[in-house]
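Each remark here refers to the structure printed beneath this line.
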Amino acid sequence: MMESGIINILVDISLMTLLGITAIGIVRSRNLFATAMLSGIYSLISAAVFVTLDAVDVAFTEAAVGAGISTVLMLGAMTLTRRSEKHAIKLHIGPLFVTIGIGAALIYGTVDMPPFGSTDAPGFQHIVPEYIAGSRDDIQVPNIVTSILASYRGFDTLGETAVIFAAGIGVLFLLGRRREDEEADESSNSGKGEDA
Amino acid sequence: MEMIIDLASWAFILAGVFFIFTGTLGMLRLPDFYTRLHAAGITDTLGTELLLIAMMLQAGWSIVTVKLLMISLFIFFTSPTATHALANAANAVGLRPFGVPEADLRPKTTEKA
Amino acid sequence: MRHILGLGASLAAFWMLLSGSISLDNKLVLGFGIASVVLTLFLAIRMDRLDGFPVHIRLSPKLIQYWIWLAKEIGKANIDVAKIVLSPNMKISPRMVRVKASQQTDVGIATFANSITLTPGTVSVDIDDDEILVHAITEDMATGLIESDMDERVTAMELKYR
Amino acid sequence: MMFAAAAAGLIIPMLMALARGLIGPTLYDRVLAGNSFGTKTVLLIAVLGFIGGRPDFLDIALLYALMNFIGTIAILKFFRYRNLGVADSADIRNGADGKNGGAV
């Protein structure tokens, strides 16, 4: 088990490095399509990070929303604008210091946090053991993630559920075919939209 | 018996990682988009399947193996579709392939639209 | 009708696989499973009507034989392309060639084009009525594809399950 | 141990695919890099499940494989036809500015 801990740390470090490189790429790129594509890649990596943290539900949502819907939304937004940014970003000293300050404060805050994976952490002391012990009898759903998300934390998850539902509808729209009679007037509309 | 399976898994993993690496290296080295498609094909077909077979060997006869089989079948069917869609889209907007003799680019190709 | 029943059965099997629940005593979960199968079936029937060509694929010995042959071809082609990529001076000579597709059905042509793309070194770029435009990474790959009997194999298999 | 090797053998190619996504130069190169990156992420998630001793994570890998495919097709459909709906020949001819979208 010790060995797998070290492996996990190494995997985490490499994934974080990938995240950092992608983020810098997004900031540096002037090409909007590259930005859209890279942010899709960013979601893919961060979902892999969520998996290493055992946050399977978040990874699920990240996959559906981050890599799927938000990329498509960005592409949709791109049709309304030009392909690349006009001005290069200037370096603003003030905001840089503010960001560094906040980042330092946040890192300082993590010093007081219980060690990662510790069973004494408040998060595991409270109600989680009850959830895990009671899930089978209370909800009778074999998948414990489903029972915690959709029942114990039902209201909490309502927003996520709505988003996933919207993602599903979006996929239906993408893959759906229009009927022949709608096709004719639709193509003339899209032609107009392109000139604008 | 367990040792044989472990050895076989090692062999499949190393072979899979080798092909994934080679394919991605090709994506970096090759000169243009169309040739890079071929390199990406190495990753998608042989590399992926070998790695998934290694995982199936480790999982043994269980539901995990069935799921891995689903993933491998899905990638097997979708990756050529995605590759074709990419090549087709690039061709439709007239992206010129590198190093292809002019004689091969007959006008029939571009007039398809 | 047989098509719909087969689809329903495979969907039910898939649901059981993903949910990991085969026990019959949990009525609610089982109900959800049945509901999702029925909903998907309804969507599939509706899409068939809109698309106009339901695709029936049956596992025949011929199909499995073809897959084994294809797997061998994929392996060979992979090693060829890997050699090109790893050699210090990548000897490539890209070509665009047109390959005759003698299949009758859409499914047959799609199978052929997919097989071309699956073997690294050749990618199907465009499909006319009976010709497939193929990008090959070397001249050898292009001539190799034209001379190979992949087309006949797909056609032979296609007639089997049309 | 063997899956650690597999994870390392996946993360390095992921970095290389990311480099291709950053360099471009055409948008098709970027889509290809994104698709290839997605395939590797699917494999990495499956491998991570084995490292952590919880192969249940395969459900997510399966979902990813689906999303990756649908995403790629959606992006291509978008760039080929300039909308996510239906194709017509005028769009194919007019939407042919894709090759200019390259240089970063």
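Order of writing sets the chain letters: A, B, C and D. Residues in each chain are counted from 1.
Here is the rule we go by: a contact is a pair of C-beta atoms (placed from the backbone, for glycine too) under 8 Å apart; a residue touches a chain by one contact, two chains touch by 3 or more.
All values reported here derive from a predicted model rather than from experimental measurement.
Seen from the C-alpha centroid of chain B, the farthest chain centroid is that of A. Chain centres here are Cα averages; for chain B and chain D they lie 12 Å apart. In this assembly, the C-alpha centroid of chain C lies 20 Å from the C-alpha centroid of chain D. Between the CA-based centres of chain A and chain D the separation comes to 15 Å, rounded to the whole angstrom. With centres defined as mean CA coordinates, chain C is found 32 Å away from chain A. Counting partner chains per residue, chain D shows two or more touched chains at residues 3, 31, 33, 59, 62, 73, 95.
Within chain A, residues 177 each touch two or more of the remaining chains.
Counting only residues that touch two or more partner chains, chain C has 20.
Chain contacts in this assembly form a single closed ring in which each chain touches exactly two others.
According to the touch criterion at the top of this document, the contacting chain pairs are A-C, A-D, B-C, B-D. Residues 19-21, 26, 28-29, 47, 50-51 of chain C are the ones touching chain A in the complex. Within the complex formed with chain D, the residues of chain B that make contact are 6, 9-10, 13-14, 16-17, 20-21, 23-25, 27-28, 33, 36-37, 40, 43-44, 48, 51-52, 54-55, 58-59, 64, 67-68, 70-71, 74-75, 78-79, 81-82, 85-86, 88-90, 92-95, 113.
Of all residues in chain C, only 17, 20, 74-75, 78, 81-82, 84-86, 90, 92-97, 113-115, 117-126, 128, 133, 135, 137 touch chain B in the complex they form.
The touching residues of chain B, when paired with chain C in their complex, are 19, 22-23, 25-26, 29-32, 34-35, 37-39, 41-42, 45-46, 63, 66-67, 70, 76-77, 79-81, 83-84, 87-88, 91-92, 97-101, 104-105, 108-109, 112. Every residue of chain D that touches chain B in the complex is listed here, in rising order: 2-3, 5-6, 9-10, 12-13, 16-17, 19-20, 26, 28-29, 31-33, 35-36, 39-40, 42-43, 46-47, 50, 55, 58-59, 61-62, 65-66, 69, 72-73, 76, 79-80, 89, 92-93, 95-99.
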